[in-house]
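First the structure, then my questions, so here it is.
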């Protein structure tokens, strides 16, 4: 990993931490889910980034699977929030 | 409060003991005997470039058969718990119609999800994905459909047929190995092919496809049951 | 745009899926192509009813051309939107004046309305909450015009002219 | 070692939730945390420094640079098992809620002794 | 020619039928009913075909994927695991017949699939030669059991199922951690291979792994105090399921403890430690059973007590003790399964699980009641039933060492046997001589259900009056275990 | 050249990923936070992934698939979430000027009740 | 003589099954089968008369041979078992007719034959496994016989089976301890090993086996099951229990004392009192206490069968007392009394059973004046009570007399006095029996009572004759007893057909001796009468002294509180009822168990989960402490 990669990682990680902060702080369930959603997107990006860093093409598939499942997850949660569980 | 403290101490004790145990087996050290064997011989013996797949489907394929069975058992259990006689089912009145964006978006993305899930389990022997991942992706597609159209239900009979057939394929492929001179369950009797080719690794992709279908059917079943519980709750005892 | 027949929709789905498969595998190896075709044919059986109601009629050259034109425009709007966000988030005064407004649309097809809704979501200061018939409910971070007509003009119209061509 | 510690902590937190929490959902979360801890532990066992995934996607990858594939396979199995258990558990919770009208574990004890 | 005497078929065939049930249910509902009978009928045949091989070589190893044991998972059958597998298959077969007439609640096909899966999982736990595979088998068994316990979906069933699920999951996680610790220490998952490679480790180095594995298996194996789910779950399940749960499933978990203790953790301290668990299990099971008003709950607690008894015999760590344990396992499996089947039929007639409502039932359901008495007598260890021989053996084995601890243990065992007699006789007495409470018409159970009961009963009577082959067989099985023939033969035959 | 463009895209993405998250913290109510996060993180991830595709040309197609996927799914999720928040009554910030949602959803709920 | 012991053992079991199956055909097939098979068993048994020793290996278990054997002593017990069983079955044919449920009756006969078979097994056993096995079979088969008697019999049966199990398990421990030393349970091997083992070990063996036998023989304080069980059981079963089954306890005592321990061994390892090993001496005292206390309790009973039941405890006391003397004479007396008691107690129970059969009650105060209605039963009962009281020339006399003589020779005065008191007390209660049932006023209800059918009379006739024969010709029994005792190392006793000649070990059986015993008894009885008749209180039911007009209602109640004055004297005995002590502890244990079980299985999942964590924590702590928690 080059220094450039490290810096990239640092910036994105701070973003991730902020998202986690929102996840824990709330105050509404929806806030937490939004935090989670942001975290998910960041994670997808990171997966692809790590694929590059470790030179493993196949990690991209992992990113895609993850992104897809997270997407469906958010929809499900949104639906349940609407119903009031 | 005392309870919390006491159990915290207990758990700390457990963690400490675990630390002590693992301190004796240093982190990040070299691989173990059997694992090393797989890395050195896996490609030659199974034809799968993804050694994890060769472990999951071939060397430890019997574990995977169990795993499939566990999932099957869970799906059946959920089906039992959420079972509602057809005549007892009643629509819930206060279901709000889903968001238009979700509705149409889900509908459009559904075919792609199916395709993508299939892609994942067909490439299971080449990439980190596999039958489980592919299957769950397909099931998530069904989940989306439920979100978009709360009234629809997947045909349970079709799901049963698919999961049954997929399971049968797995076991029968395994049993075929017993009829060969090697007389070994799950013996990889097909040609191994060229490394990294789609058609390689003998029976591994076939099994993974079967698993993919099975997992998809089972998760879809679970989703269907849960949705039915949410939407057409009924049959209370 | 008329609703298409089953076969029409099926072929359309196969085509779309096959293209996606090729993109996914990102290879032209024969085995992948053959398997991809088979998979597309099979998957389409189960899903052709969902992808689009209009089938192959999406694939007229004009529509495809408009799509190709629309893509960079959309992307540009997205980028603009982000600078807008950056400005609002980072500016110490935090210039926001949020509100929820209605926006009308002339688009008839579901896919068209969806595209409009998504476009609005991804572009400066607006986020579509729901669509009903010809009305979009939009959260606007800086409400410039509270009337339906005004909002429609501000938010919807720039995209509609392209989308009208693409989705009808 | 930090991974080990992390997994132990996950296990401990999970167990703590299982024992201390009264809400069924939280108990399930506890179960899943503990299970994740176990999975993390398994993966950590197979970790080697600078190791890569054991996939020969290109010619000439050195097997000795790869991590032990067994723990990965085991985790895969364990995850599916955990997911299955979780699905069933959720189903049980839904039915419990239907029967008892509460998610408080202390109130769900018609069977005792 | 296909060699049908392959232990792997004992698992593969039931699994095949599990999926067949799922598949067939898409087309016809009624086929599913009969498929488990075929599955376990075949299993019994195959198990019997394996007997000659096992008697000849002492051990049969079945490979998977065409690789030798440490590389791939293997199934290992020696005398001990074979006879347990036979019992499991047999119970599966008999109870499947019973099910056809007993289960009348939807969704039936799911029930049959899970039931078949449950028994398959039990057999799996018994014959697997791989530690992680054992965990998988454990989970297969558990998940099937969870679903089946909740089958009735009523308040009690759901609560019991949930409690069982939570405790079972915790157990599974502990078991898995234990297995992983051994993997970390040895780099292999094959039981024999681990036994070999961990030989140089000290007791203390391995103890935590053992404790975790023990805890995990002990939860399923009904050892006190890990067994609190059991008295809820066994009664809540349909009686045919209780029959399998009590009859062989807890036993399978205990068997796994036997096997792992014997191969990997064969230290005297451990046996000493286990003895406390055994005695506590015995005491709490029997005493609690005494106070029960619910007939199935009483039987469930009795299962705990019986488990304590044969686990105690195991902890004696002698050929005689093991033989006693194995004999008691046979006794308990046959008797307790039969009892649950009978009680299931009676509950159908009486419409209640309260013991008081069973007054006079014995005079109406004569065949059922007769075999109920036979089963209870055998569990109590009254001659001439098989339980007498096994209890005799256990006590003899215990008093081989005449130290005060053993004498105290024997006193406890016998005291608990008295307690057992107290509650069994109370029930029998009410059933045969009590005045019927209600004027509800009580008929004998249906012929199909009786068939299952009678088959088990006749087997029990047969081994009672002709125990010699079993005594000899269990003796050989016990000395195999003591001499570590499992390891020795696996090394010789398995190419480890 | 390729590397420069790639890393430019990566950093461009990273900054917006960060911004989106930062907006989550800074903005006053859920709705405005969602405005920020949806747009920024989507673009951030999109650019990031494409950046990788540029650096690794043989991966480009695959990266494009991922990027497009993000671009297409993100608005759907946000839309669903925001409607859910609105329907469950998550409060809006005080500076909110207009709220036509009541009317929009009101008819619908009536319509469904019959 | 080629009769096989297995066949003898198998006959009643096979017969039982066939009887049960026969019942499906017709009730008479069943009845005939039952009688035939018990007769057959008796016949087979009789073939072993004069067999001094015969042993068969019938199997092997855990490396120990299973043996059936016979010798004159076992023959004596076989005689008791098979003959009384036959008579009981014959008696049952009519007595049990009232039972409507034919399945219940079918299984009743089957169980009778099974109990007989089990007892034969016990007697024939040549090793402890066989012994114990049949012991247990006897316990549960006889349990089923007891609970045939209706609602109350269930509690009685329950108490019986639980105490039997406790007793049996005490034996079980002893047997297992022996096995661990000897690795064989064949009597000679056991005897050999016991002769080499430490005193403590031997004492434990005796105590543990003794508990088992005491329970079955109902020696105080382990007798509490007997009064209920024997009185609540169906009429024909009571003689089997009282006459035969409790003798198995006596047989067991004989086997351990003289078969396994051998008399001299017992002396070597223990201090002796009155030249009796201390353990045997304690047994003697327990037996003597049983004699006296049970006699008192019998006197107080209002229920005819209960009275006989307490009497059995007292009479078995004589048997055990005799067996525990350790001298040839005493042991012979004990064995002989076992036979005699079987005969006359069966006779008494059958006679009372006959009365119950006709009147439907066994409450003494409801009965009276039946002498004219049931003359034969009256005769049978009188013969029985004379024999029981030990009056010559009936059989009870000779055996009791031998026991007195043995005690006299050992100069155990206290025990002798207690034995006498028991005998005297017996007069009181047997008189009560005959008086309350047959003498006095006839109840109006019983105006139409007839004597019992012939099938019920025959067994009584047979027993009456036996009582007389063994009374006049004690040599018939002594022939077997002495021959058998020789095999156990006892010095032979000179005897002849009519009694004991001059110069035999026990001195001649002279009329003077008999007379003096009789005299003493009568004197004591008279003293009692004088002492207590003065202080007798007037009860409202006492139509002798109330001075009121005797109304019809009153006159039938005259026998209530017959020995009430006496009752006041022995009241303290009731107060410290052993049964109440047992019940107290059982209740305490139940409450304790219940409380703690509830605390463990709370129904709360959190608690259950924390158990798991605690177990793991303990293990973890053990690891952290270096594995040193044990």
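Note that the chains are named A, B, C, D, E, F and G in the order they appear, and that numbering of residues resets to 1 at the start of each chain.
Criterion: a residue touches a chain if its C-beta (ideal position, glycine included) is under 8 Å from a C-beta of that chain, and two chains touch if they have at least 3 such contacts.
Small disclaimer: the values here were computed from a predicted structure and weren't measured.
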Check A-D against B-D and say which one is joined by more contacting C-beta pairs.
B-D
Report the inter-chain centroid distance for subunit A and subunit E in whole angstrom, where each centroid is the mean of the CA atoms.
47
Separation of subunit D from subunit E, taking each centre as the mean of its C-alpha atoms, in whole Å:
28
When the centre of a chain is set as the mean of its C-alpha atoms, what distance in Å lies between subunit B and subunit C?
32
Distance between subunit A and subunit F based on Cα centroids, please, to the nearest Å.
12
Which positions in subunit A are in touch with at least two other chains?
57-59, 64, 68, 75, 78-79, 82
Check each residue of subunit F and list the ones that touch at least two other chains.
19-20, 22, 34, 42, 59, 62, 65, 72-76, 78-80, 83, 87, 108
Per-residue multi-chain contacts in subunit B, two or more chains:
7, 11, 14, 17-18, 20-22, 31-32, 34-35, 38, 50, 60, 63, 66-67, 70, 73-74, 77-78, 81, 95-96, 99, 101-102, 105-106, 116, 126-128
Who touches whom among the chains?
A-B, A-D, A-F, B-C, B-D, B-E, B-F, B-G, C-F, D-E, D-G, E-G
Residue ranges of subunit G in contact with subunit E within the complex:
59, 61-62, 101, 103-104, 129, 132-134, 136-137, 139-140, 143, 147-148, 151, 153-154, 157-158, 161-162, 165-166, 169, 172-173, 176-177, 179-181, 590, 593-594, 597, 600-601, 603, 605, 607-609, 611-612, 614-616, 619-620, 622-623, 626-627, 630
Interface with subunit B, subunit A side, in the complex: residues 58-59, 61-62, 64-65, 68-69, 72, 75-76, 78-79, 82-83
Once bound in the complex, which stretches of subunit B touch subunit G?
7, 10-11, 13-14, 16-18, 20-21
Subunit D partner, complex, touching residues on subunit B are 3-4, 7-8, 11-12, 14-15, 18-19, 22-23, 27-32, 34-36, 38-40, 42-43, 49-52, 54-56, 60, 63-64, 66-67, 70-71, 73-75, 77-78, 81-82, 126-128, 130, 132, 195-196, 222, 225-226, 229, 236
Interface residues, subunit F side, partner subunit B - complex
72-73, 75-76, 79-80, 83, 87, 108-109, 112-113
